[in-house]
């Protein structure tokens, strides 16, 4: 059972405390990092940049659900080890995706926030497991999920006893082809009305292309989002996945600088 | 591991033999039954009707992924017991949905064909488990999955060693509201070209309404489908789920009769 | 006014009579021809093939609404002259698209059936003009029109006094990319229930690719369609538009032969 | 011909001058007003509020394309007369929709900006007429038009000689039902890269509901939009059309006040 997977209980308590304090503060919550953890150097280097930018969390995939089985599926436990080292180095909260009971048990000692990816938003078996975990769950919207269905997934977590939920709008599937998905910016104010949870936006997956990420990020701030989930990579053109939608460090730092006045108008701070 | 879940190995062999013989025959493959197994009487009564109609399989849900946690989630192991009894009574192949390792282990001794539902088409952890099972997998198309993504899910089964695959088109999400989903009839000829697997159609979920199911079923036959998955219920208006799209027994028998000349033109038999 | 555009009144009467007789018969209504009329030889040659196949009408575009202004926009009046000659030669009903008052006035003396294309389904100014014309209107479904909205467009024709309506399902816009559009086969039985008008299917625009047109055509027959609108061309690879979805003559003749047993089961004849 | 419809040439020149000066300024371009002009009092009262808010233009429909012919179709010429009076009173630029040559000729003496509605984005006959007019055209995105197709419509105006174009993103059709359409906020930065024209956003049609219009408006500013098109009405609950998405005067004034700091960060002024 999941409970058995808990290790390092003391640290866990600390993390939750940090999270709860964050939610009470007026911090704008930026999580940044690579699509997938690729090696130790990459993640440590990235974590430092993320820390310096004023972000609160480091994202990085260890278990990657990919459309084809031939595609890179993530480094698994090795990635978790690197994330733990990056966390020790920077103090950032670690967000990583889990896909089943096994990956959940492995991620629990390292992750501060457990991500459910779009493809698994309606994997209710997984949600029922996460409902029993005492950690925040970052629940991404399904690729073609209505808000009603997303709230249904939220209800599975709530019913099982977990109300530490972060909702992440990451674009929905439409007919438009110039972007990978269509960012449903309306979801932000609607969810703020319908739920008590923080709502963040992932402009990287929504756009699927680097050039408009700053505009989408600012729009998210203005629409009332509580934070952002951003893909960055030391060398996007060499990334093992999602390179075309990852910012390099310089682009990321510029984005954060550009965001500041908008975050300020929103009454928050980075 | 899944292997440990195998019970009743002899019967299993027989089932696979039946399946392989079916595929070599020119039988049009009809699977019918309720959305969810609700009680023993319901499933036995339904199984007899299904058997008499010339169908090859009985469908019935034991583990139901539902949009809201308050909704009926299926009878679980009890349902499997009833399905086993219905199978003993009629000799029909049993199709039932699995949602994780636990439900898979429970379903294995009873199910002849393991169904992956739309919401789990991209649950690759589940697909990797099913890839190791020596039974046919009925893989439903995801609600908003492209054919490319569906073929990606197929590749997970193949890569893991399971090539006993049945593809089931069940309608995709569009803007149209008069139907629950939009049956993508083009998927049938495309999949027949792109894969060696039987392709069946679920007109019940596509339509979400009883009245046009016969038209969609005939269209499926004409488009080249190898079979149908149809929801029926002794009293649809009392069904615990999907009642509005379930045929009653009389409607089902009439549908089968109406289908016969079309199946004949297709060079197959019921 | 449109009325002033009427020429050759006597022949017009004959055409309407033919149309009304057709609707009372059990003929399955096939309309075939090129996307655009390109030259006299092309359309005469095509018309003969169409006539020999047992089809009732010749389709051919004179005024082509194209996504880009640089694209071939049709031969206009010259095309109408060629269509008139093809009609004189074969006796086929001529279907051609109109896009405004000017093209309507020009088409009236030649066309037996006036087509409203998908892009103009909600061009209510055009529908109000057509509502005053004493000829059948072939109203294509808008690219992303719901059935409700399509019925709204029908109501514009009815309100203005024209109840000679043919509805043509031609695929809707979805996320799927292997086909140009997604044929909404459910629209056929729904429209047959909701309106008294003939419902035909355009598998060519739905598929956007030659290979699955026969399967879609058969599905349309089985779903209860009253006819088909099919793009054919003497040399599809040289067509000025829509070549990739046009059948050559041999493919068209084979399609018609393959359709016959299905049309027979539907209780109709070609 | 359209040219014959020109009246009041001198004033026209002045209007264009105003428009050109506006584009050279750093004004954020707000157009507000009712969906449809309903009576003189309504439009005069609204125009004063719009003027006082610092907006540049008054929107108001005279010719309304409605899904059903029974619905209110606009007051036509009477509405134009009222708009002219409102313009005389306030000096606001008048934006109104045209749907064919007749309505265009009637609107020309009054309108400063000619609107093409979503349903007519691919009405190329209408675009060709507007391409010959020496006034700005506000081209709304089609309900399910890709950006490519929208740029195709732009190319029709450009090819005919009219480069006074304003692009208006107003939401696209998706599966989501909590909003009338899905505001495609990504369209704003993409169009700013791909065209030299002002890009404005219509949050009213995108949302289809009053409550999230302020959030969408702010998001539009942050994404880089040059302006907004907003539906307002003295008594939304009594509006003849689109009442549920219209702001009342107090809500509108509050929105404008809330927008100011965002517009300021964008380097513009109201």
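Which chain is which? They are A, B, C and D, in the order written, and residues in each are numbered from 1.
Rule of thumb we're sticking to: contacts are C-beta pairs under 8 Å (C-beta built on N, C-alpha and C of every residue); 3 or more make two chains touch, one makes a residue touch a chain.
Nothing here was measured: the structure is a model prediction, and the numbers come from that model.
When each chain is reduced to the average of its Cα atoms, B sits farthest from chain D. Taking A-B and B-D together, the chain pair joined by more C-beta contacts is A-B. In whole angstrom, the spacing between the mean C-alpha positions of chain B and chain D is 50.
Taking each chain's centre as the mean of its C-alpha atoms, chain A lies 35 Å from chain B. Residue positions of chain B with contacts to 2 or more other chains are 144, 148, 173-175. Every residue of chain A that touches chain D in the complex is listed here, in rising order: 144, 146-148, 172, 174-179, 182-186, 188-190, 193, 206-207, 211-212, 215-216, 218-224, 261-262, 265.
By the touch criterion stated above, chain A contacts chain C in their complex at residues 144, 173-175. Within the complex formed with chain A, the residues of chain B that make contact are 65-70, 99-103, 119-120, 122-126, 143-144, 148-149, 152, 155-156, 159-160, 173.
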